[in-house]
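Once you scroll down, you'll see the structures, which are given as structure tokens.
Next, two complexes with subunit A in common: one pairs it with subunit B, the other with subunit C.
Up next is the complex of A and B:
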């Protein structure tokens, strides 16, 4: 009897310790971020989300009593369906190093740091919103995510979406549409609310309105000299995970207005001499700002990114022709898979096109390709992307790392040398 | 009177200082880094300056590089060891009438391979900075186990007819492997040669990833070791150019040349992107 009493308290103590460490990490990170006096004022809203991250701050998944919360992973769970059923989606992909020590209990050493971090947060009361979810929707994108679903099933309601890997085939499209319909049914069951033509149309419009601001934002980022740092841009996009879509869109609109004004007045965050860098590869989630912090602390500037936690997450819109429920469901299914450049798909065409387009439009001088250890899809694609960049004459640096802070000094040397190389090229040209 | 410029390469094992005038390398020196990077660097620089009858104030700039580059209070600029190494290698290549396209460097705690384009600008590089395998640290531990002087290793290796295969390049595991070879009575020269080939093989794999183009420049302290030079040449199947007598200081010379370049031709642009945040570390905690 006594031993049983002790058991939960030890877990609680561990959870508390991890939460404290996480709070320390967040505070230290903001001490560094706040040193930069050139940031746009409208970043304050997004900062407030992350500064209150561990405490469950005012804009972090705040839902009225009775409203259902649906947790999502990756970029394949149609949020429009969640909104249409009156529920609140929250994306659970995690970047907390502290929780991975718990996740390591469930996963092999070679598992990626993201899935370790997530397993820790899913199984321990560290961040409130992980415990709030009435349903967790997990796409079987990579193998880590697929198996994580199975491990979570005994703890909470989980719905798996099976994403087809050869997305262009007609049978894949049919299959995926069925998967989206299954998810709709799961959402309806969880919320007890039927999704109608009207509510779905409203939800699509709401998300589209936010996406309009996203497009504006990514256009403004391309200005020379840069009006906003890439790490701040990543934070803006990451804040969407936890916030209400309309409130977030309003805050982004305000930031966009400020950026427009900055560009008109020539206010910038990095001089024109800063190396213009595109960051891509394995996803980055707050507070894992390790690599972007190093890049921009060393004087470079991230003018574009191609991440499923940023650009890729929200740039494609649902394109519906007619307003029938069936038509909308088809449009939603297409939006989440067809334009997606995730490396789990059988070809890299979308990714190549997107990267080359971004490089041209944002006048990128070099690419930093981020691989999380154990993130096989991106690691496998590396050689192909290296070849692509070589053919186009764009220098590329591969950074393989995880969430732990121990390799910061080594990364700093590599990234510094890479930036010197980019500036050296500029001089020769 | 022309200007003088200093370069300091603060590595994990040794600190290297060099001074250059506008058109020549005047002098250089090497010392163990020790605990107090800043003090070591200042004393060493003073030593080189005084040997040439100069004073500290005669230096128009001092650029620092290496792991301790941000810990030197009197530096006027810092540069990564990759760029400094490239500058030094290109300079020594020109002195020897060679166009350097690949650099292989072994340092105290890392090793790197850098490829250059026709203009001598870095094209690509690969670094092993995660463990001591294939670094100077590995050779140090080898010398310690075999109870020989670090500088004798090369000659001992050349005595071997057939090197013994050492499977492990992890410094810790290789140590126990070597101890068991000693216990089995294997020849010292064959063990040493085997260890050199193990390092060379690791370097060659790294070099292949970056691409080896002639001329290949080989520097860093271990480049003084003739046995290692031969092993690396065999493994990458290319001739190495080791700058006579100076492979340890090429990066420090490169840093001094960068200070010179900036003085003579101005910085890269009028408005240099400043590091947003300087390192906070007050003391050097980088040495193992």
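Up next is the complex of A and C:
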């Protein structure tokens, strides 16, 4: 073997550099988070998952030898089907700034930072589990994602799900049901396992059991004064991306118990005087916790969110009725699309009502609308939501940003001013 | 307690009460808006439709006098019954509903898939029950007023074709109504329809839920009182995510229950107040059944998960043993 062959290529060197940078980002982030002594103890479990993002992330996704891993993008991939086939779903939506540079080779400058980040991770060995997927399921929810599917096709098995944009029609529902059936077939092919009535029912029950804790969690999160910070809540939901559903649910149950005890004992993470804020808009994925870190460092507290990476992800539930395979397939298909408040759909009805309901239930004082530069669906709805909040008399701050740390200071100033406004309003009342 | 189980018990109790009640001197009258058939000997209360048709087969001027008062009185009782529990007559009492629900349960036990109407078809079928109701009123009136072509054999034309007539007396060991009447053409046609409908009752349940109810003229009568009934089904549109669970679970395939965001009272034309939609609704307080405005059954995420996991618990217990 010649000496040059052993020398790492330019790409390999770049990958190594990115890995090192990412590890550093993760360490720094947790240094900051660990300073907070008031966090619930049960958060340690979820932290450990993210701490594994260092050094190539070999331990982020832990599956038994031989179990198939199916990568998913967006909330539209019916995970019950993956579980029913004995495979492990991993949500691949990414928040790593470090890999965006690589992604830019494939995408225009104005592309959303999330797809850039994802393209980087998909095309370069930075995080181990992106390379481990036996199938990647990609709903064409926005055009960036749809085209990403095509770009990935030459590298790995990809299955595109076509989500209908108009939910209220019979034909789009039938179409979507067929799409879900196609996905079922793709999962069966990848895993070599047939999904039966029994396995599917088992999978539905497994997810529902986790949802018992999810709903409990969101209820507890609303308490005044807040027993847990919003960034920790985001982390809990984000950890589900990678973890085994039952293991995760058990950890969440422990956290819930702790929160219950905290509420009973009056232990809190933010005093009752903290401005209660709701986050909505483009999703935030680890380690892009820039905005929530700033908000809560400045004394505000995030008491609810409407993110597809958090509260929207696991709230809606499959309703089994007659228990035949077809009945379950229909129930699953509808659960993933009909109640979803994603801006990809033709109307904003679900989103409006969801926001107003969250604001009411969690006694929210102000809304922060987060837009990732290039994330068109959320950008397009901004004005409508602004109008809605105006009509309801809820102050709203729009933040347009990306994954780079450059604008932190500027964001800090704006968010501080916003929180000052909220406090001022409270004084007046 | 699981509401659907409660409903089944209620249906059973009323089935026994109405079919055998006469044996224990129970008599709830013959003005009931439900298919407890008057042809059942010694019943404990029976369907008002037969008397109604007889009363109608009179010359029109008679209705200005005593006959009219008799008719109004009788309809008043029906209205009273209907206002008090609204469509719960169909969901909780009607023996015909019970039979369809039992057969559906049987179908579920053997995991046979059901089919659904297309949305447009479903809408179109809604009018059938009104056509039947109109005929049920017009034919007896026609007979009473000597409209040519209508024979006396048709007096209670709906009863001739009603599947309850041949079927329900069977539970009392009375087979006399289970026959086809060859004595006249209209008799032959109508009694044949009745027997076919009995067959349909048993077969359709393996294809669709509450198939016969979608044509039932009794439902048309009851739905006159939809919005004034003491028992109501209410929705809080803002809490609803339009997830579609309710309309999927609805045996009558009602779409409004999912689609409606602004109306509060959602007892719709075809609703039978079975409350399966509330069972299936995962959103806190999105749906609620009320009696005289007081909540009696409310949708909640917690309740939803409990109901969904009933057999999960059972499985666990099995494994432990």
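Here is the rule we use: the second predicted complex is superposed on the first by the 415 of 429 C-alpha atoms of A that agree within 3 Å, B and C clash if a C-alpha of one lies under 4 Å from a C-alpha of the other, contacts with A are read in each partner's own complex, and residues count from 1 in each chain.
Keep this in mind: contacts are C-beta pairs under 8 Å (C-beta built on N, C-alpha and C of every residue); 3 or more make two chains touch, one makes a residue touch a chain.
Just so we're clear, the structure is a prediction, and the values are computed from it rather than from any experiment.
Asker: Check subunit A with both subunit B and subunit C modelled on it and let me know: fit or clash.
Answerer: They fit: once the shared chain is superposed, the two partners occupy separate space.
Asker: Give one of first, second, both or neither to describe whether A:330 is in contact with subunit B, with subunit C, with both, or with none.
Answerer: Second partner only, subunit C.
Asker: Scan A:320 for contacts with subunit B and subunit C and give back first, second, both or neither.
Answerer: second
Asker: For A:197, using the defined touch cut-off, is the partner it touches subunit B, subunit C, both, or neither? Pick first, second, both or neither.
Answerer: In the superposition, A:197 touches subunit C alone.
Asker: Just to be sure I read the superposition right, which of the two partners does A:131 touch: subunit B = first, subunit C = second, or both, or neither?
Answerer: Neither partner.
Asker: For A:428, is the partner it touches subunit B (first), subunit C (second), both, or none of the two (neither)?
Answerer: It touches subunit B, and subunit C stays clear.
Asker: With both complexes overlaid on chain A, does A:296 touch subunit B (first), subunit C (second), both or neither?
Answerer: first
Asker: Does the superposition put A:353 against subunit B (first), subunit C (second), both, or neither?
Answerer: second
Asker: Which partner chains sit in contact with A:212 here, subunit B, subunit C, both or neither? Use first/second/both/neither.
Answerer: Only subunit C; A:212 stays clear of subunit B.
Asker: With the two structures laid over each other on chain A, which partner does A:246 touch: subunit B (first), subunit C (second), both, or neither?
Answerer: Neither subunit B nor subunit C is touched by A:246.
Asker: Rounded to a multiple of 10, tell me what angle the C-alpha centres of subunit B and subunit C make at the one for subunit A, in degrees.
Answerer: Here the answer is 120 degrees.
Asker: Please provide the least distance in Å between a C-alpha atom of subunit B and a C-alpha atom of subunit C in the combined superposition.
Answerer: Nearest C-alpha atoms of the two chains are 27 Å apart.
Asker: List the residues of subunit A that touch subunit B in one complex and subunit C in the other.
Answerer: none
Asker: Which positions of subunit B touch subunit A when the two form their complex?
Answerer: Within the complex, subunit B contacts subunit A at residues 67, 79-83, 110, 119, 121-125, 127, 129-130, 268-269, 271-277, 286.
Asker: State the interface residues of subunit A toward subunit B in the complex, per the touch definition above.
Answerer: 32, 35-36, 270-275, 296-301, 395, 407, 409-410, 413-414, 416-417, 420-421, 423-428
Asker: Taking the touch rule as given, give the residues of subunit A at its contact with subunit C in the complex, in rising order.
Answerer: 167-168, 170, 197, 205, 208-209, 211-212, 215, 316-317, 319-324, 326-327, 330-331, 334-335, 338-339, 341, 349-350, 353-354, 356-357
Asker: Show me the residue ranges of subunit C that touch subunit A in the complex, using the header's touch definition.
Answerer: 108, 111-114, 118-119, 237-245, 248-249, 259, 261, 280, 282, 301-302, 304-305, 308-309, 312
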